[in-house]
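See the structures that follow.
Each of the next two complexes has subunit A plus one more chain, namely subunit B in the first and subunit C in the second.
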Partner chain A sequence: MNHARIFDVIVIGAGISGLAAAALLAREGRSVLVVDGAPPSPPPGAHTLHALDPSLLKALGLAKRGLKFAVRDMSLAGLRADGRHLILTRDARATALGLASHSAADAEAWPRVYAEVQALARAMRPCWWDANSCQTLAQLHDRLEPFRRMGAIAWLDSRFESEALKATLAFDAGCGGLSPLEPGSALTLLWRAAQEMCGLQGASAMVAGGPRALVDLFAAAAQDAGAELRTASPVERILVEGGKIAGVRLATGEVLAAARVLSSLSRRLTFCSLLSGSEAGLGETERLEREMPRVGTARVTLTLGAVPTIKGASVPLTARFVVAEKLESYAVAHAAACAGRLADELPMEFTVPTAADPALAPAGRHLVSALLRPVPLLPPKGWAALKSDLVQKVLGALGCYAPDLARQIVDTDVTVPDDIVVRSGAADVAAGVVHMLADWDVRLGTPLEGLMLCGAAAEPVPAISGRAARHAAEKILKDAKR
Partner chain B sequence: MTVNPAPLSPAYVRATPFHTRAAAANEGNAWVARNGATLARQYADARDEVLAARFRVGLIDISWRWRLMLEGTRAAECLSQVMTRDVSALAPGEALKALWLGDDGRVRGAGVAARFGKERFVLISAQSDAPWIEAAARRFAVAVCQISEAEGGLALVGPYAAATLERAGLDSALDPGRFRKLFWRGQEVTLSRFGEHGGYEIWCAADDGILLWDRLMRAGEPFGIEPLGMIAADTLDLETGIARPGRDWRSPQPGRNHGFSPLALGLESLIDENHTLFNGRAMWLAGRDGETRRLAGIQIDGETPAPHTPLMRSGAAIGQTLSSAYSPALRRAIALALVDVSAAAPGTELKLTLSPSLEVPEFREAAVRVTALPFLPAPEPAVL
Partner chain C sequence: MVRYDAAIIGAGGDGLAAAIVLARAGLKTVVLDRAPHPGGRLVTREFHPGFRASLFLDDVAPIPAALFWSLGLARAGAHLAPVPASLALGPGGSCLIGRGRGRAGLDLLAEADSRAAAVLARAGRDAEPRRRRHGLFRRMAPPPPWPGEDWLLPSLNDLLAERLVDPDLCAHLMARALAGRACDPFLAGTAVHLLAPGSGGLTVRGGAGALAEVLARLAQEAGAEIRCDAEAGEIRRDRRGLSTIVLSGGEEVTARALISTLDLKATFLSLFVWNALPPELLRRVGRYRMAGAAARVLFALDAPPELPRGLGRADLHLAPTPEAFAEAHAAWRGGTIPAAPPALLRLVSARDPGLAPVGKAVLTATLSAIPFRLFDGAWTNEKRALLRERALAAAERALPGVSARVLAAEMIVPPDIEAALGATEGDLMGGELAADQMLDARPWLGFAAPRTPVRGLYLAGPSTPAGASASLASGVCAANAVMADVKAGRLK
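Our next item is the complex of A and B:
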């Protein structure tokens, strides 16, 4: 006798999004099961967060559960070889003073442009935070037009003059998978400015205890709310009967029944590996399979035996450091990544998590977490051949600004793009303007009744946020009330 | 004027297997291209040809139809997921007519799926949709092969079609929707009744085309057999009141046309309610109630056809015609049309504007009337 267990909702993926959705649904009385092939694990190396949904944190009461931030408002430091680093903070006047030695025009423009972006980003929140896109987009059409039309670099060109400043700011524009030259990347910058961390608009923060602590908090919230968690159960297939969701089948063959399934994987992974062709629509599946992304991000984590020192002007070690001095390095790196190679000069961002949170590493050890973008997603000979090359590039770049670093290295760890994509459920297709400005229903919904996406792929810009999970849970609860 | 060294050489045109005979019979050298093949528009007078098919027997070159062979262990599964009826229930020798829908529930294609063997099917349609079907076949590891050019086909329509076949030495006892492979007087042919024109179809290898044509024309001679050009064939199609792919509608192309729902085209009978697997089912069911257009037959007061023309009622556009032709049997022009459901009742009076022509170089308004479909029954072969 094989009675499938029946749940209200099955959530695929025990990452932050999946656990958040499970917690929200379980505390309203739904029977929720979260399945994953591995225990809840943090997105690799994701020390810096910029997009956690404040409403979600409040709804789950994570502050009361012990969510603390080691750094609340990280500045952005653009490192330069000559030591005259750019330091960009929330204080527009202080930043302008710092920029004055590089370019008087930029110093004068900075407070104005910063305020303009912050204001427009706030005005876009009804579209990106709530479900009010049509009205907001209609109202803001004219102000949004340059952001929709231009690439980030073109937009920055129109506002600032010094290359170092533009190159530093352009790094964040690539976080959606688009190159900073492509239209839509300016919109990514606007989206980042619309986010809020620790009550501060557009801030980046680090959770005390690192990504592991954050995931543990979400897992505890989900389990306390009554959700069941099975972590040795990779899902093999989503089962469909008569055009409606019937449940999932695990790799072990066990069948779990549910009328609703939430997937925190990307749309492509969900449709192409967990469903068969015509269930998701032959045309849609074909399109997803064809649009294989070619560019991704990689992370390199270095364990050092001593505190890294950055030569030149003093910069707070708790900042986000961007290593990209020339705008052309973005174009060159993107072209190389599309061709399956690593460029000679890879734009990167690194942080020193242990500067604010020494507990993240054993006593006396320090961490440097580097994010490299763009890198090839599927290099022709595989990533094994490129890993050491990647580490060399990181060391080479860091060596310019922290000459002692190479001697202090104790250990290195590389997370290649595919690991990041699968494990963090991040979108593996670059989200364009249409995706960013669509209704939440469009990003969350699928042609199958009962299946929704809830992970980073359903965000306007793929990021660790939980907002998509909150919207998906709200939708399920609202549908049930009708 | 340079003399064409080989005026009837098939190498100069993309010819069907019957081209040589068609060219000899084509008195006015009137040709038309369809699906890349060259076919006679009319051999002598299209109106006479239509009447021949209606009262005697007619021969139509149907080699231009797109035919795709699908082979593989999962071929039945593949076609069942693509088409709106379940093909796995077919036995070898049986065929069914069905649609295939896009993800949005709109019609991408309509055709006949014929089962040749446990793992072999042939899909026949007037309009090619190769990329879609091939993509689906890849998913199921099914091999596809275009056989449109390897084989020729002739349709035999009219009350004396069965008599012609018997006289030619073929056994005409065949139920509609079935087909049979035969070895006939030294030729390998497939005899089928897929019902596109209400008669029989005979398919042969390309090289045997001339032989088949000659035999059928000779056998039909006492019955007054005539070859039908495309105008006549399309007119017969139109009179049966069925919307045809390629002529009345096209598959949806992104950025070009939206496509039509099955209900608007009057094709919902080709969707099996109990078949739950086919692509686009969810959107078809969801969009059914919202469809405000229906397929209707239009009879025009006059002889001039009016294809793709807006239909007006009290000055407002209420629909538009699809393909249109002069029907010699009804002695007026007819058209298929998509009209708003409020104006689709038979007997509704509407108006349309006829385009200028050589005979009448000005726009004219014509009164039209909605008629029940079909205009005329298909010329079924008389049972012997």
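Our next item is the complex of A and C:
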């Protein structure tokens, strides 16, 4: 009774992308099975949302299902040791006023540069949002060329002079795992500016109920559309017969048949652990092994017994705070992370989720969630040895801005790159310029007929977006029509 | 006051080549240099009684064949030969390239050379006058990509690992490309170093200074005037477009066209009064990144070290792992002297016995990733001594017994190079090699070297696309641009 049913599509991974793809396919009448070893869970590296695909939300009707945002537009606050914190919002004039105390030239340049970047980013949407890259790239060739070639440090230096502003903006350049010295990191900043949340370009948002609520919504949407969810056993192998996908085998030994498989894992995990080398193409597997990125992201969540207070100029607690004194510290931290060490000064971003949504913690408790980047992906002695060091560094850095914090801590939770990679495969892609400007078909496609990627790793820059899932589902539906 | 057709600042290889081309075309040309002898970085002198060595470079970057013959270098007595072989002593053992060994490596080097040649050809073509293009579509189509553009974005380590199987060979080619540079081979955009490798050029018999002598003689025979001890102090421009160079002695030289062979920063930041140029241009020049990272130690030895037969003439790379290059780069960015800087040893007297007395030897060490500015202050004598010790320790590991034979050592660190040659931050490459400062984007996108935003001023030297990967070519590009503009009546 092994071949009980044949599914149209099997989706590996019950994360947001997997569930989104399943929902879109099931809605069109396909029989879809989502397989995972654990119940739907939020991506462990998630902390704010900045890239959810608007057309996906609309297609799945998530707003009607009760998707609510606790914060729709988080401002970006650069914390400074001298207390002159920098607040960057989408309102260019207000931001320019705040910048004036740091640098008059930057205050004057900000509205111009901001408008210019937003305009170019909007023009890049056909490439990053829809499957229309060639034409867009040809049209924008000249304007895009500096972003293609420059590192974030070079680009920021070319536009601004104050260290505070540059160091604050540079945090987002690292979300693809690139050093700010590398070409492509400036392009990552442009990609961030092209995204939209709640109809606001370049905004960051926080979902009411946290990432958990978002995943539950997607899971409900998939199940209501008719997709089946099996979370008892992970996929052990993707089965290939004669160069075509035949189905998957679960860890329990059960074989499920399907002509199409969507993997929401990264390309490396899919090829190296779910397929044998000869099936995936030896060259491809070798390249993936060789181009293993060397830096990752870690997350430290602190539970506090009181509301954290930040000294210095007043900042709204619903902002996302960037802690990096110098632009150079990103390059230093990247070099240290590549060598398997933690840098002395770790750039980080932290938010206070309970400031906007108190329901996330028990009464009287407050959360601080810190995202550290870049940190070593595979330290020589393993992450177990580095964990306590990491927490100490976070507390040390936060202590400069919130001196009472250390006394208020009730609980500490650390998510290291190991967990993030193992559970979602989101962090093990090095997004270079070529990857970011490639066609969707290239990022999604594999040499095997019937197998496609649909997860965060197939996005131009790894992020919770669901856009790859939408494109993969659309491609399957289109192929069937043909 | 004498009026010239063209004045060239800097009597290095590029400047002299430009002078030869211009003077042969009948233009009244003068070459100005602040040093007492022409040559610039091509200088060979005695550093210890009886011992001679080229101070800044042992090998000159390749010279395009067409240029070599059209300048008539062979007839004038320049003896140039490719580096016979190179040997890398890595942690995994040794690895030799040359004379038919290391086939895969040679293939990659040949590909790099052909790409570099194509880049030069493109740079040369762009310097010539624009042919009028007909039709709407021609104008709308973007210019064809530069050759070598697909090497702009990958990292050096990925590119080598993709092509070569042997990790020792990878380390060897990496060391060969990065000699005298500071570079993290894991970062994207570092494969461009293969287009302008740090070692493996041409060896000149008699040292690099001999090439300068030949060039200076050819320039003078062609009718160009070479004025040494003439430091350009300031450039003034009048309304008719004539440029006047005020020499530091107060004398004035007026010319229709100026070619600067200094690097970009030295050209725009030191030759003009601060308010003579548009502030936007100055800001852009200020952001141009320099990457001076080479230090040299010249050793006079009282006996040549024992080496297997034939290897004495090879480049000896003490090639560390890619991780060590990355560590050295991190130290360089932080302004510290790397604990084990990658080094390149050359027994120059084995290649050219005339450099040392009979029975003695000259050994040079080129160290990479040595910062121009140290985070803890100036380059004091203690720090120089520390670096000399490290260089000697490295040499001792490769050539056991060498440290006992040292008679004298001379140390050249990046600030010395800046002081001697005027190269900003001691960077002989005239700017960091990066995707946004290489090929058509050298010195920046839309600059269109050799012409500059200042009318009548042309840029040659290492900060131009041609100057980064070849000797003499950038000077000839600039000279061709001057002649084309004279013909088109664009210069008064």
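The rule is simple: the second predicted complex is superposed on the first by the 476 of 482 C-alpha atoms of A that agree within 3 Å, B and C clash if a C-alpha of one lies under 4 Å from a C-alpha of the other, contacts with A are read in each partner's own complex, and residues count from 1 in each chain.
Note that a contact is a pair of C-beta atoms (placed from the backbone, for glycine too) under 8 Å apart; a residue touches a chain by one contact, two chains touch by 3 or more.
None of these values were measured; they are calculated from a predicted model.
*Asks:* Looking at A:242, would you say it contacts subunit B, subunit C, both, or neither? Reply first, second, both or neither.
*Replies:* A:242 sits against subunit B, while subunit C stays out of touch.
*Asks:* Mind working out whether A:449 is in touch with subunit B, subunit C, both or neither, as first, second, both or neither?
*Replies:* The first partner, subunit B, only.
*Asks:* Going by the contact rule set out at the top, does A:146 touch subunit B (first), subunit C (second), both, or neither?
*Replies:* Only subunit C is touched by A:146; subunit B is not.
*Asks:* With both complexes overlaid on chain A, does A:115 touch subunit B (first), subunit C (second), both or neither?
*Replies:* So A:115 meets neither subunit B nor subunit C here.
*Asks:* Touching A:134 in the superposition: subunit B (first), subunit C (second), both, neither?
*Replies:* The answer is neither, since A:134 touches no partner chain.
*Asks:* For A:184, is the partner it touches subunit B (first), subunit C (second), both, or none of the two (neither)?
*Replies:* second
*Asks:* Does subunit B (first) or subunit C (second) touch A:284, or do both, or does neither?
*Replies:* first
*Asks:* Going by the contact rule stated at the top, is it subunit B or subunit C that touches a larger number of residues on subunit A?
*Replies:* Counting contacted residues of subunit A, the larger count belongs to C.
*Asks:* If we count contacts the way the header does, which residues on subunit A are in touch with subunit C in the complex?
*Replies:* 138, 141-142, 145-146, 148-151, 154, 157-158, 178-179, 181-184, 287, 290-291, 294, 328, 331-332, 335-336, 338-339, 432-434
*Asks:* Which residues of subunit B touch subunit A once you look at their complex with the stated criterion?
*Replies:* Contacts found on subunit B: 81-82, 102-103, 132, 135-136, 139-140, 276-283, 285.
*Asks:* Considering the complex alone, what residue numbers of subunit C touch subunit A?
*Replies:* My answer: residues 142, 152-154, 158, 161-162, 184, 186-189, 287, 289, 323, 326-327, 329-330, 333-334, 434-436, 441, 445.
*Asks:* Which stretch or stretches of subunit A touch subunit B in the complex?
*Replies:* 241-243, 276-278, 281-286, 447-449
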